[in-house]
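First comes the structure, then the notes that go with it.
Chain IDs A, B, C, D, E and F follow the sequence of writing; residue 1 opens each chain.
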Amino acid sequence: MTWLVPLPVVIPLVGAAVTLLLRRHPNLQRSVSLLALSATLAVAVALLALTAGGGPLVVDVGGWAAPLGIVLVADRLAALMLVVSAAVTLCVLVYSIGQGLADGDDATPVSVYHPAYLILTAGVTNAFLAGDLFNLYVGFEILLAASYVLITIGATESRIRDGTTYVVVSLLSSLIFLTAIGLIYAATGTLNLAQLAGRLDALPESLQLGLQSMLLLAFGIKAAVFPLSAWLPDSYPTAIAPVTAVFAGLLTKVGVYAIIRTQTLLFPDGPASGIVLVAALLTMIVGILGAVAQSDIKRLLSFTLVSHIGYMLFGIGLATDAGLSGAIFYVVHHIIIQTTLFLAAGLIERRGGTTTLDRLGGLARLAPVLGVLFFLPALNLAGIPPFSGFLGKLGLLQAGVAADGVLAWLLVGGSVVTSLLTLYAIGRVWNLAFWRTPREPEAAAASPVTGRVLPRLMVGATLALVVLGTGLTVVSGPLFDVTSRAAAELRDREPYVRAVFGEETP
Amino acid sequence: MLVLLTVHLIAAMLAPPLVRWLGLRAFSVLALVPAAGLGWALTHTAAMREGRAVAEVYPWAGRLGLELAFRMTTLSWLMVLLVGGVGALALVYCGRYFTAAEPGSGRFAGVFVGFAGAMLGLIVSDNLIVLYVFWELTTVFSYLLIGHDPSSRAARRAALQALIVTTLGGLAMLVGVIMLGEHAGTYRWSQVVGALPDGGYLAVAVILLLLGALSKSAIFPFSFWLPAAMAAPTPVSAYLHAAAMVKAGVFLVALLGPALADAASWRPTVLIAGTVTLLFGGWTALRQHDLKLLLAYGTVSQLGLLVVVLGAGFRDAALAGAMMLLAHAMFKAALFFVVGIIDHTTGTRDLRELSGLRRSAPALWVVTVLAAASMAGVPPLAGFVGKEAIFEAFLHGGRWEQLVLAGVVSGSALTVAYTLRFLWGAFSDKPAVAPRTVHRVSWAFLAPAALLAAGGLVAGLGAAPLDGLLAGYAGLYSDEGGYHLAVWHGLTPALALSALVLAAGAAVFGLTLRTRWWRRLRLPMDGATGYERSADGLGRLAVEVTGATQRGSLPVYLGTILLVLVVLGGGALVAGRPWPGRFHLWDNPLQLVPAAVLVVAAVFATRARRRLAAVVLVGVTGYATAVLFVLHGAPDLALTQFLVETCTMVMFVLVLRRLPGHFSVRPLVASRRIRVAIGIAVGAVVSGLAYVATAGRQATAISTAFGEPAVSYGGGRNIVNVTLVDIRAWDTMGEISVLLVAAIGVASMVFGGSPRLLRPRRPPPPTPPRGQVWLMAGHTLDAGLRSPILEVVTRLVFHTIVLFSVYLLFAGHNAPGGGFAGGLVVGLALVLRYLAGGRHELDAAAPVDAGAVLGTGLFIALGTGLTAMFLGGEVLQSALLDWHLPVLGHVHFVTSTFFDVGVYLVVIGVILNILRSLGAEIDRHEQAERVAAEARPEEELV
Amino acid sequence: MTGQTVADILAGTCLISGALLSLAAGVGLLRFPDLLSRMHAATKPQVLGLLLILAGTALRLQNTIDITTLVLIGVFQLVTAPVAAHMIGRAVYRSGQVRADLLVVDELADDRTNGGPEPRHRSPER
Amino acid sequence: MIIVGITVSALLFAAVSLVLVRIVRGPTTLDRIVAVDVLLAIVVCAIAAEAAYTRDATSLPILVVLSILGFIGSVSVARFSPRSRR
Amino acid sequence: MSPNLVLVIVVGVLFAAGVTLLLERNLTRVILGITLLGNGVNLLILLGGAYGGPPIVGRTPEDEMSDPLTQAMILTAIVITLGMTAFLLAMAYRSWLLTGHDDVQDDVEDRRIMQRAERDQGLEDEDDPTTEGTPR
Amino acid sequence: MSRTAPATARTRWRDRIVTTAVLVTGWMLLWGVFSWANLISGILVSAVVLAVFPLPPVTFAGRPRPLGLLRLAGRFLTDLVAASGQLAVLAFRFGHQPRSAIIRVPLRVPSDLVLTLTGEAVSLVPGSLIVDTDQASTTLYIHVIGVSDRAAVEKFRRSVYETEARIVRAIGSDAEISMLDGRAPAGREHHP
């Protein structure tokens, strides 16, 4: 069944090609996009089922056996990430279709949204499947290039300003990544991750540290790790809601995924885990303090996004099975929840005309459904049990307590404080936007983008994600089984390497 | 128990529609749900009497030690009775308390039932994490209940405050739970007790657990949230703040006490915090004018008492505590109901405005007196039995217990005093106040309170049978206490203390009526101020930290990232000394020439003040790089680099033609120095890393094995090209996606809608002149821009250039070239057409949708990959086809050429799209502006 | 002297001459007083210098496959270099970067002030 | 042939240096563009000379590219140079 | 493998110059900085591969070939940089079109918070009764 | 080089064949090897290129004359060498500021192709370059360096006419050649 492995990349790309050709048929375009992402989801689910049973699935692209060619590897982690990302991108696509985000500007001589969105998806899936360092870079480039287009869609003044920050910072991170690849190739003569695992071990420790820190830096920017994170709250909130949502949910996690992959496979015993833990703590605390200081929902959510990246780093930095498992679970949870919240924020903007707290009010009464769509994921984000945010945090706290180091204890404390402040921040949002009586009750009706009735597709897509996020609680048992086995597989390294090279390891 | 919980959940979700359907009657229906809990517990009375636990276990997330493990023992049984009973009564009461027009009553009912379910779950959980789950759920539901009327600012703030404070404690408790669980290897309390840690670890865990318990039960210093939460509707107060939620903390103390009371940190925490709360709450209650607040502070005080007693850590105290727990739930809920009735019928709860109620509502008066007497500890009511047991238990303790006893006695006296204040305030005739008349307090409205008040009497009189049940809990302590609950123990010291308490309380009440000085006695800083200060401090901290880290400036962000690079990379370099000594100056001395050019151009590029000058200098570095490629044996790179450099130059020119010639801002010297310093540091670190990494290479590169298979398997001699279209075709596929999407982005950016640029109808291009024309639309270009020489040469070389691109495409497999280079060459040919003939010429040269070219190209490239899969190979696998044909001889073909054709088309589409956007569309903008400027001649165009 | 040596000597001469012309171009580019003059200096390596070097290369490579390519390079260069020079020269003149004091005559300036030369009716051919 | 190689390299290096001075100095964009054109011509000479020296024709396609497309950059600058409109 | 010092230095200079430009406010300069950095990275990758003749079978003996894999990587990088440059230039143009300049501006919301920090203020109290409408 | 001649099917075919032949020649030169495969593929590729990118037909009225071509090439090369030498000397003559002139040369043959080719030939020779053209009057404006006086100006103008003549005699039609003799260039005469 290895033929399934390339499909999560190929299908969206085919979709992109077709939607480019269908510029004049918006309805068909939408169908193609939906079809492509649904198919991707189906393939991802199949891959997860296959990898959960057996070992990693490996494809030598073009028949060029490793290490000569590029390998695509679907192990448990990759398959899990594929499923989640496919589900989320599909929901967001539905939402954006609901938003009436057709490629309406007839003047633009090419279609923009659908191809860019599908290519973004392909980039994400490629990054998850890459078994080759340079191909990982290419995956990143695909998703980044598409993200540049999506974040500036509409090209308004603020989107250009904020988009510039995003684009330039991302370009710098790409350059750093490429530099790291150049250095790693210079030192090892290979790009194959499985082979690198062996060859990097042979290098002097300081050189390993240098290479590792360059990779960490590149991925840390994308994952928005403090102090590399300040660009994120300045850039994400301005984009259109579905774009912000999918970026916030997914793109940062690709960075986290890359950190997990390289930390475990390439530098398992490196001295950098201390750095990771310190960064985790700072990211949590500085991020959540930023959220507390905000007075706009989207910006506030962006800061919580940064802050909660700290949780994932916490688990990665612990470098134990439990920690890694918790981190992976948290990644899954956070992709879904953060996306949901930004979609809900989009609905808030549509209903209330703004996302600025001091101009919103009374939404709980005006739009009770919206209230539910925001409240549940918000509680989930704040780690209120029994939601997945709590379960992820629980896994991490258990791992931290079990690790029993000074940094680990500090992080346990930091996690708790972050959780509380997250609750405080979203509690403020709820109090102001949903409970307080609005200052100008009819202001909402005045704005052109707002409507008394929220488009059904948008609500439906958000609801689907809310259900998905809540459903994580129900399936948390099996899910934690998967993440634990994925973590064990990662930490072992052996299954991955063996899957790529067969029995004889080069 | 899972069934019960599920019933609660379903009922909670059905409540809103039910209320919409049945109106207020729905509340009575819903009351059946908590009542079912009560009934269910009662069926297990026998088991409790026999000391058997009722247990159920369901799996959840085993990896986390999470399982739905439920276990009902005596303590939980008692709590289930209280929660179920009071819950059912509160719901019945709600049906009268609310009016049909009350907004959100459906939601309220749902949340209320949900809360009852959460409370039930909390009580019966054996798994500590599941307990925490329900614990937090009660917090959230109480948040929603307190904020039931969100238009009140006080309610909103109180709700948030309660949420934050109890969650703070809850999180601490969670960490404590995890500490115990990780140590024990299980989270089932019934098993954890057998595997407790010791020493400092245990002490810390206990403190954390108690933080949770104390904050939940509004114990000092967390007391402040409870009175503030009185913003909630009264049934809520009666339920949450008398019977249920606040009892969760007490429950936890009672649950953990038997196992943890001997931990070093347990008793000091519990006894001190409890006693302080008891006194503080009682004292503050005396000062209240609002009946509800009076009761709230009374509750705080009583909770302090319960914590002290249940946390004291020995059998008799535990027994007394259990009795007190029962008594308190009944009398306090009853009194809250009473307040609600008063509020509802008179419209006020201010005891300064209430007068004459005793006469106008005699039934209410009787019920109130009965409940209040229990609270004050008047025999033979349940409160009295509890108090007696407490006094008795502590009378026989050591010095600590004696001290606590003093506190308890004082606190009980205060209780008596505020009880009297309550009765006096609500019911007495006050000369200065007009008497309030109460119309018809319906029996149904009063019934819940009456039932509970009567319950106090029943429990008091039935103390002896209760003793048999509650002893099951007290027996968890292994000490030798032998006290039994009873209404009458004879003339004991405890009885004397009870009498003393009643007398002292009456005296204090009398004193407070007459004097005012005592009102000035307050705690120097209470928790509420602490909370406000913490919130303000948090705000300040958040603003300071955010202001310091979130500068909003792109250069600062980039600089930070680069500094991290310098620190991490530099650190690794420093750690790696001494550096390897083997290096060579150059591979080829000729490298010095382009290297020198490159260095000079790069340095001057940073200093250029004209845009195009900088562009040219950067372009020179590109050319120099290309030459370095040539010298390094990389002709494909050089070829592509030259083409890309030319394309880049054209793109810059197309954009910069519209921008001012000079850079707008002259950078400040200081900031320039910083930039240069960071630049040099980054350059040094990267150089260093490059040096060390290269010198560190031991292994042979994998690419040394490319040669033979490139020919035999990839079918080409140019290994770089085979790498691109075959070995690493997957990368190339990604790369063309990048290009494609970037081109889309360029169009999106330039064509993006903007009112200023609303396009006029495209004027038809002028008809071409008859006779010899060189280009399709050269005549449409402004005469001043045309050049016959350029047009003629373009006409003559255009096809040749395209032909050359095809050559590169096909020759690429064996010589420098390939799809990229070929596509770029066609792109530049189109550039030439555009330069010579303007935008209409571009349209004429490529009268196709750029998107179609892009899509087709991508499709072909992907199609190659998929076809290979359908034919049973791996994705993007290529096949070698060799034919012998007449005339042509040997024909050798590799299917990866198709892939390269896809690349070729995508690159053409990209350049075409860029040219349409940065060239043609910007032309149009320019033209539109010129037309607009001509329309308004007074405006000077610069 | 073998044919090979003769070819090498010839090639060497061509190469060195071409390089010399390039140097002269560099000097002219730096020294000539105004832009149009400097442009004349630029022409040398673009035309004769290149042709010489291509000839030298041809003498060294000595096989058809490569020599045909060299011929193409030469032809392309001869066709395209003047176009660039013309376009730049035109831009230079129009942007006024001409030192009038160094001009003996400027008949273009005359025509521009007089409205350009008369258009001429071109007789149809054939 | 070594002497030829060294001489040619030295001459071209000197030429490139002078051209570079013009590129840096300007003063106008057109000055720089003219200089870049010369630079490209010198690059073509250099690559051809290198091919001659090593007797390796691999880099000839580069020269084809430069000879047939190298002028497009300058033409675009000239075409959009300010006030080049008559 | 022994590093080539000339290339090492060139890489360093390109990074230094590129970063200097990248840290400017002006988008055109930023783009140029990225171009310089791109060249620098490409040369860095080149440095990490073997030096030799063109990797074309038949023209160069296999053990004298330069590393084809680094070249494939660089080629990919060159082309990606081309796409990015085009996009950034379009952005610069758009910025100019909308604002009249291509300087990257600071974030307004961040500035607001920084000003509050400078004035030692805490959070704004959005739940201020004055900002509230009249209840139903 | 007609502008009005109706494009008959025959001339269209002729034009196409000429163009294709030129392209196929280029193709063969690129590959550097004559083979049937190259010839056939060249024809195919040329046909595709011409079909995908149509351009207005160029009606080439003249015919190549070997002798004229040879004369043109020879003279061009000598001019090239001489001028390059002169200019090199000029470059190295320190302390000397060469003077120059911008000269109007209205060509006698009213054809864009002749204009272009003459312009190219003039440009290729160091020391002269086209600063502007006037298409309507087929006029070249040439900047010439190293002219110190009027006489030199006139000498140069004559040399341009000679170049024009050589080009027309190499590739022009009989009608065009006839225009070279006796007919004074149209347009205003140069100023005294």
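One rule holds for everything that comes next: a residue touches a chain if its C-beta (ideal position, glycine included) is under 8 Å from a C-beta of that chain, and two chains touch if they have at least 3 such contacts.
Everything numeric in this text was worked out from a predicted model, so none of it was measured.
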Any chain in contact with chain A as well as chain C: B
Most distant chain from chain B, judged by the mean position of its C-alpha atoms: F
Chain at maximum distance from chain A, centres defined as averaged CA atoms: F
Whole-Å gap separating chain B and chain D, where each centre is the average of the chain's CA atoms: 59
For chain A paired with chain E, centre-to-centre distance based on mean C-alpha positions, whole Å: 22
Centroid distance [mean C-alpha coordinates] between chain F and chain D, Å: 24
Distance between chain centroids, defined by C-alpha means - chain A, chain B (Å): 14
Overlap residues in chain F, where contacts from two or more other chains coincide: 1-4, 26, 30-31, 119-120, 130, 133
Sequence positions of chain D contacting 2 or more other chains: 12, 16-17, 33, 58-59, 61, 64, 68-70, 75, 77, 79, 82, 84-86
Residues of chain E whose C-beta touches two or more other chains: 1, 22, 44, 47-49, 53-54, 56, 59, 69-70, 76, 80, 83-84, 87, 91, 94, 98, 104, 107, 109-110, 113, 123, 127, 132, 135-136
Pairs of chains found to touch, sorted by chain label: A-B, A-E, B-C, B-D, B-E, B-F, C-D, C-F, D-E
Partner chain D, residues of chain C touching it in the complex: 8, 11-12, 15-16, 18-20, 22-23, 25-27, 29-30, 35, 38-39, 41-42, 45-46, 49-50, 53-54, 56-57, 59-61, 63, 65-66, 69-70, 72-74, 76-77, 80-81, 83-85, 87-88, 90-92, 94-97
Complex contact set, residues of chain C against chain B: 76, 79-80, 82-83, 86-87, 90
Parts of chain B lying in touch with chain F, wherever the complex brings them together: 769-776, 786-789, 791-793, 795-796, 798-800, 802-804, 806-807, 811, 845-846, 887-889, 891
In the complex with chain A, residue positions of chain E that touch it: 1, 22, 27, 30, 34, 37-38, 41, 44-45, 47-49, 69-70, 73, 76-77, 80, 83-84, 87-88, 91, 94-95, 98-99, 104-105, 107, 109-110, 113, 123-124, 126-127, 131-136
Complex contact set, residues of chain D against chain B: 9, 12-13, 16-17, 20, 23-24, 26, 29, 32-33, 36, 39-40, 43, 46-47, 50, 58-59, 61-62, 64-66, 68-70, 72-73, 75-77, 79-80, 82, 84-86
